[in-house]
Amino acid sequence: MAEKLLEVRNLTTGFLTEKGLVKATDRISLAIEKGKTLCLVGESGSGKSVTSMSIMRLIDYANGVILEGSINFKGEDLVKKKQEELRSIRGNKISMIFQDPMSALNPVFTVGEQIAESLRLHQNKSKDEAWKEAIELLRMVGIPSPEIRAKQYPNQLSGGMCQRVVIAIALASKPELLIADEPTTALDVTVQAQILDLLQDLKEKLGTSILLITHDMGVAAEMADHIAVMYAGAIVEQGTVEEIFSNPSHPYTVGLLQSIPGFEGERGGELYTIKGTIPALGNLPQGCRFNPRCPHVMDKCRQVEPGDIQVGDEHYAKCWLFEENGKAAVAGKGDNIHG
Amino acid sequence: MTEYLIRRLLQSILVLFLVSVAAFGLMHAAPGGPTQMMISPGLSPETAAIQKHNLGLDKPVPTQYVIWLKNMLKGDMGYTFKNNVPVGDVIWPAVKNTLVLMSFSWVLSLIIAIPWGIYNSTREYGLSDQTANFVTYIGFAMPTFWFGIILQEFFSLKMDWLPLSDMYSMDKQGNVGDLFMHLILPSTVLVLVNLAGYVKYSRSSMLEVLEQDYIRTARAKGVPERKVIFRHALRNALIPIITVLGMDLASLVAGATLTENVFNWPGMGRLFVDMARSREYSVLMAITMITAVAVVLGNLIADILYKLVDPRVQIGRKGGKA
Amino acid sequence: MSDMNAATAPNVQPAEPMAPENAPLPPSKKPPGPWKLVWQKFSHNPYAMTGLVVLLIFVLVAIFAKQVAPFDPAKVDMMNSNLKPGSGKHLLGTDELGRDIFSRLVYSSRISLMVGFSVAIIAVFLGSLIGAISGYFGGWVDTIFMRLIDVMISLPGLFINILVMAIFGTKMIYLILILALTSWTGVARLVRGQFLQLREMQYVEAARATGVSSWGIIFRHLLRNASFPIIVNATLMVGGAILSESGLSYLGLGIQMPQTSWGIMLSNSQEFMLINPMLAVYPGLCILIVVLAVNFIGDGIRDALDPRQKKSRRRLAKWRKNFSKSGI
């Protein structure tokens, strides 16, 4: 196994709501290798963005709190760091791009200023140097006539252009890890493909690892080396992209794959849709969190929550269906796949 | 920009015209309106008729209005019926005095309120925020003139630290130090009233901005928190604040009626009440029009400022406010 | 400002709307209506409830002024002028004419509350009517009313009040009418906005097409969507009117002797500041407390309507302080 750049273990993030403490992520464990892409896939509301915000520790500003777990980045635990100390990592070694590029850029600064700011923060460049490099970055992310664009405000650019600018900001300091939170969801279909191509391009050119968050299995298939499937705050299945697509195990993953047009379900062949909706995080069912919607639900599923069960090479699923295949584990007790 | 300005200007002129019609109509509709006020009660009917004719009061009200409007546009605001003084001689000193009091307390309010509101937005429900909340509630619920009276009772009568009222002491006309001493109490009242609105407004404006995605982007870039607040958030939060300030510009001229009366400050507010009591219609009309011009102008300035500071708003497009 | 949950935690589902599978409502229980929901939240707000209780006390005192006040408020007794508080039966002492201060405060509450509530009621009625006409007919009718509002707000309300009171004379009915005439614009805009929204809606069109009177639908929609904002607006108007009355009476352009109001008592007190400084304190405090109570009630209703949950935000701030390890 290649060297791990980021290793998240048992990450649990909570929010206080009217109904009390709600865990938006529940003992998330994942790892990203150098130069590889991990796709975190799931419906909206499954806790994908909370996971990414927690890794950046931006969750602190969104009234969330990391309740337990560790985020190991190059031998340092980000959970234990103070906000002050994180500043030299954020935007420098770990960068992030967001879902809605139009609102992610500050409306009162020109795009050039916003890129240059990042350069000046982390690389001590002079104003002129930073501006010149900002223009180079704009050129790199494929913005035509960057000298003119740099002097424009975000509202003068299209959504796709804005996302390129956001990517330019994120890449300004050549980060080792890029977290992309649904980077194409708010964009037109044709622009989506361009942005994904750009990310793939830059990843190969710069050797950056990517944590790509998406609800779209099609995007994951195109981009990922590894896939982690999230459901209601937990990772229910993870493995290499080949494993997940050739041998989807968790009924939820199977259901997600059915939703891709043109993908033939391998299990049973008959087409089914996932009935019901994702449960509210404050109101999870007992046992497996997928049991009310699962077509294969057993009595055990309603009582005990499954832990990670190995279903293949580097491939784990939280589902009692595979109990006999591998080592059974009950959630919460030594729930640590990579240890 | 020019096209937008012209359209806004025409709108403003229409509003001012309507205000003048309404005010003129109101004053002439009153029992004992200008006609009766201008004619001495002791005159014989014949002399009264002659005097009426000389003053133009025998013409129909619309004609009188047109004459008044013509004179007004020429800068002739008429004469007071008592003592026959040009209205301008009464009003302009009052405008000046009001400007002194109002701009002093306004600037002071802003210097306190905006930083305070920003600080509170970063420490929601902290001690400072709770204090501001308390000040806001009291400021909105308290009769301002009462606060003025209480200040007078304590600081002037009981402790004898500050002058009770007026703008200058009897023998110190034009003395700046003396003026400052006289400014303290009325300004305290006005600052408290202004604070109630401005602190709350700048706090909520700031809070709204702090929840925006681009603030998250700034933090994700590794921008230090202080810079996030003062560079990224403040620039955006100031946009609505500037608009509100522009709208309040008018009060610099219109004055604070009650506070000026409590402290016997010879400004517009006090003049207006005095003139209303003695029914000096030409002065009342003039003050009404000057105030309306100030309000309309203030709104216009607010609008233009808004379009200048916010690059999102394209000048000339209708309904740009987000 | 957007919904807190949506803005701060993009992927956390709001806790309230639950999927039917997870929380099936017992069929026998009807969901509580909007009034009940608002009352539930309102009654858990200590400030709002205190405001309500205080206001009720003042209202009762005003109604039963005859029974509450130990003396005739207008009775002059020069032998007993400027008595100290607690002298004889004079709870708060007497003023420069020997009138019992406590009794005058009690009777003043009548005027202040009556002015406050009448102004709010008239202004709400007027505002709703003008807003409805303006929004329903649109076109030039709308333009005229909107220009009228422009004219109204291009002069300070107090200016207009002073002007009218000075010109037409200081009768109480004029006072109430002019205060109402200068406070209806907010309600009118609110109701007009609702109407404009309604006009776009398909079902109103449909109702009109089938010959059903659209007024019924409009009225129900209005009641559902605009009633609470109007109530909030009205409570704030009550406070504003009480303050305006006191201001005008202080200037001698409001309530006139021998009637008594807190504003008159204040105006009177300034002359006798040297002899009895407490004369100014009591009526001012009364105004402050009543207006504070009314404003608390208004804010309480507004917060009860606000899905953002102020209370939980406050709790959350505390909680975050205790739990967060980040040190921000």
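Which chain is which? They are A, B and C, in the order written, and residues in each are numbered from 1.
One rule holds for everything that comes next: contacts are C-beta pairs under 8 Å (C-beta built on N, C-alpha and C of every residue); 3 or more make two chains touch, one makes a residue touch a chain.
For clarity, every value in this text was computed on a predicted model and none was experimentally measured.
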Check your understanding: Taking every chain's C-alpha mean, which one sits closest to the mean of all protein C-alpha atoms?
Key -> C
**Study point:** Interface ranked first by C-beta contact pairs
**Key:** B-C
Study note, to complete from the structure: When centres are defined as mean Cα positions, the distance from chain B to chain C in whole Å is 24
Revision key, fill the gap. Cα centre of chain A to Cα centre of chain C, whole Å, reads 50
Review point. Between chain A and chain B, what's the gap in Å when you average each chain's C-alpha atoms?
Key: 54
Study note, to complete from the structure: Note: chain A residues in touch with at least two other chains are 61-62, 83
Practice item. Identify all positions of chain C at which a residue touches two or more other chains, and write them in rising order. Key: 8, 328
Exercise for review: Please set out, as single numbers or ranges, the residues of chain B touching at least two other chains.
Suggested key: 225
Check your understanding: Which residues of chain A touch chain B in the complex?
Key -> 56, 58, 61-62, 83, 86-92, 95-96, 98, 100, 103-109, 117-118, 121-122, 153, 155, 166, 169-170
Exercise for review: Please name which positions on chain B make contact with chain C in the complex.
Suggested key: 14-16, 18-19, 22-23, 26-27, 30-31, 33, 124-125, 137-138, 140-147, 149-150, 152-153, 157-158, 204, 207-208, 211, 225, 251, 254, 257-258, 261-262, 272-273, 276-277, 279, 284, 287-288, 291-292, 295-296
Check your understanding: For chain B, which residues are in contact with chain A within the complex?
Key -> 212-225, 232, 235-236, 239, 309-312
Review point. Contact residues on chain C for chain B in the complex?
Key: 1-2, 7-8, 147, 150-151, 153-156, 158-159, 162-169, 239, 243, 246-247, 250-253, 263, 266, 269-270, 273-274, 277, 280-281, 283-284, 287-288, 291-292, 295-296, 313-314, 317-318, 328
